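Read the structure below first, then the notes.
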Amino acid sequence: MDFLYSYIALAEIYVLLGLSTNLLVGIAGIFTVSQAAVFGVGAYIVAYCLMHDVMGFVPALLVAAAICVVLNVLVTLPSLRVSGDYFVVTSFGIQLLATAVFVNWTAGTGGANGLPGIPSPDVFGYQLESSHQLVLLTTVGSALGCLAFWLIMRAPFGRLLRAIREDELAVAAAGKGVLRAKVSAAALAGAFAGSAGGIYATFLSFVDPSSFDLDASILLLTMVVVGGARTLAGSVIGPFLLLALPQVLSLIDIPTSIAASARQLIYGVLLIAFMLFRPQGLAGEKL
Amino acid sequence: MSAPYLQAAGLEVAFGGLRALRDCSFVVDQGRITCLVGPNGAGKTTIFNAITGFLKPQQGSVSFKGRILDGMKPQAIVHAGIARSFQNLRLFQDLTALDNVLVALPDMAGEEPLGALFRPLHAHRATGRRRVDALEILEHVGLVEKSREFVRNLSYGEQKLLTIARLLATGAELLLLDEPASGLSHGALEALMALLRRLQTEGKTLLVVEHNTRVVQKIADDVLFLHQGHLMARGTPEQIISDPALAEIYFGGAI
Amino acid sequence: MLALQLLVNGLVTGCALGVVAISFGLIYATTKLFHVAHAGVYTLSGYLAWSLVGHGVPAIGAMVVAMAAAALLGGLIQGVLYAELERRRATHLVVLIASLGTLAVMQNIIAAVYTPNILQFPLPWSSRMVSLGAVRLTWTQILTVVLCLSAFAGIMWFSHRTILGKQIRAVASNPFLAEITRLRPQRIYVTVVAIGSAVVALPGILVPLDLGLQPYSGITPLLTATIAMIAGGIGSIGGSFLVAVGIAVLQNMSLLIMPGEWSIGVTFGIFIIFMLFRPTGLFKGR
């Protein structure tokens, strides 16, 4: 039972991350492999705040989300001004740089060993300890995320983002600001990823750099690609499906030494196969 | 005397070694339909790009109702009151006809994330009102019954009308149309010309790139003849078409 | 004295990085695709050479075979995957994601076959030292300078003096026009990616001779090389190479004031500065 709970909770956290990645990749059409880094920043901030009793869980989560908004905007802004391909470089660069910080800044992040013993979250005076209380937290978190995504997609802002993905020049000719909308999308994506990070840290009570590396970013991209771009359904299906994959793999007799590579290998194959044969994913729109 | 409505003065645009516009100057008068004609490569689309801020002339200046537009972004120029269409339409294929118009309506509530998230009902109600505006515009160009169709399912003629609907949605008073009549069937052509005339009576000013001399004769009040990036002649359609020297340039002695 | 040694090390690394940069730049300028999987070709060629050397093939032979295999692999990626995606009218973003998928596949096949642990070439001569005045160099470093400078000169000559090189530059500058003149862009693309892959195999083997092989180590040099390509001016072979050397020297000199783990920060700082002040690069490409 606990196993099922933790699968659901983890999948729900990844739904938030899937929404974040979908906002950038699916909707704004920005390629990113650095959302795991932003996720990590959110996680470390909340972990630090709770471990050093700086503030409670809810304010810490808000601070993490706010910092990740600023971070994502700073990261996207210079590249949006120049050209799409430069953002590929920025995105890889941010991810590698973040990993370097997570691994090497031992004083702040615990280095490669990570930070163990993160306290359980408190929400308005209630301490959430048991696994089903934590599932409640992740469910509320992901439900709020889904609601926000839904509201945005049906609002004029969502329409503007779709138009931008198709033809930026035509949007400019219609008198609308392309840069501003893209930066807004990046900011939202930052808020989603940062909150996901904060919830993740308290849920696992342990964070280390391996959860926030390039492979994690590729996993996020795979989730959006498999689930489907630009839809709520796609952002939910992707995480639930791909997080079940390790369990399926454990049923097959694969030596543990290559289990991690086998998993990443499958993500790679999925990326290629979906791009070739089903760019709209299982429940999305064409990328 | 008041400032000219739209004035281009001494525009110079070069792409590498190619001078697309050379000392190009002209005036467009308010409330008239002005046709921009000239052989291929004369720089007609380049003029549009220069006026609407999509490219920066190396020299020269564009002013609109006495206001200098130089260095302004395309988006700001639309707000100043000038909107342009594209030869290759550039419609949003994966959006409906209605959404294509809605994207171009100015001052839309809920068009930034905070409004969309925290005042969803306000945004929803405002969208409802704007939807009525958008449907009116579609009605105006004769596309109202296609409002829910995706652009990719519209005929070419309908797509061309939709580009005009999108221009109208911006609220601009000076519309730059890049070959609105090309590729249209006879019936669609007549409907388009009627629409352009109607827009004129409603107070819009039109600057139209057009190849079809018959269309030019029918709709133009003024004709600007462009050759090798320079304004060669200006006059009524009759004056321009009856000038043998211009016909020689235009048709290259083909007739 | 340490500074001098670091300067020389930087120049050596820079030569290898420069070759990565011009190989990627050749592909990017021609196909306009951000070929992330290039990092996989780079890594795989090193492992291939390692296997061959392990089976008793002489080092030169292993290098030639690995370069040929890399060319074949690169040609396949372009000719099969990218060409098919283009036939399906895939967007730029879709091709980019497929390329990233290809990189993930290659890296993880390597990790599954060779284990993720670091592997060293069983070639004792490669780490033997030579003293040149106050500076000490390994044979690998000397070999790197000689081979990479030759590769640089070779590509310069190829691109400006041979008919194929001129055709490639024609396709790069205007694929549409090239199609009209029957240059067949797709065929040129396959050729270009194959050549670029063969060339990148050179640093792909030489760098691990010094530092050892790791399956996930290709992305950092590729990223650095891409930055050099952008900063040097896309399409400018000389510019990319020079900036790559410059970046490598700066990275090495930065060791005087900060630990090596942060060198990615130096690289990235250089990129941000270029993005802000000179986005078209130092040397304008043609």
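The letters A, B and C name the chains in turn, as written, and every chain counts its residues from 1.
To be clear about the criterion, contacts are C-beta pairs under 8 Å (C-beta built on N, C-alpha and C of every residue); 3 or more make two chains touch, one makes a residue touch a chain.
This is a predicted model, so every value here is computed, not measured.
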{"item": "Both-way neighbours, i.e. chains that touch chain C and touch chain A", "value": "none"}
{"item": "Chain at maximum distance from chain B, centres defined as averaged CA atoms", "value": "C"}
{"item": "Rounded Å distance between chain A and chain C, as computed from the means of their C-alpha atoms", "value": "31"}
{"item": "Interchain centroid distance [CA atoms averaged], chain A/chain B, Å", "value": "42"}
{"item": "Centre-of-Cα separation between chain C and chain B, whole angstrom", "value": "47"}
{"item": "List of chain A residues in touch with chain B within their complex", "value": "148, 151-152, 155-160, 162-163, 166-167, 169-178, 180-181, 184-185, 187-188, 285-286"}
{"item": "Chain A-touching residues of chain B, taken from the complex the two chains share", "value": "52, 54, 73-75, 78-79, 83-86, 90-95, 99, 102-104, 106, 108-113, 115-117, 120, 123-124, 127, 166, 169-170, 172"}
{"item": "Parts of chain A lying in touch with chain C, wherever the complex brings them together", "value": "25, 29, 31, 33, 78-79, 81-86, 88-90, 92-94, 96-97, 100, 103-104, 214, 218, 221, 225, 257-258, 260-262, 264-265, 267-272, 275-276, 279, 287"}
{"item": "Touching residues on chain C, where the partner in the complex is chain A", "value": "34, 36, 81, 84-85, 88, 90-98, 100-109, 111-112, 115-116, 215-216, 219-220, 223, 226-227, 230, 259, 261-262, 264-265, 267-268, 271-272, 275-276, 279"}
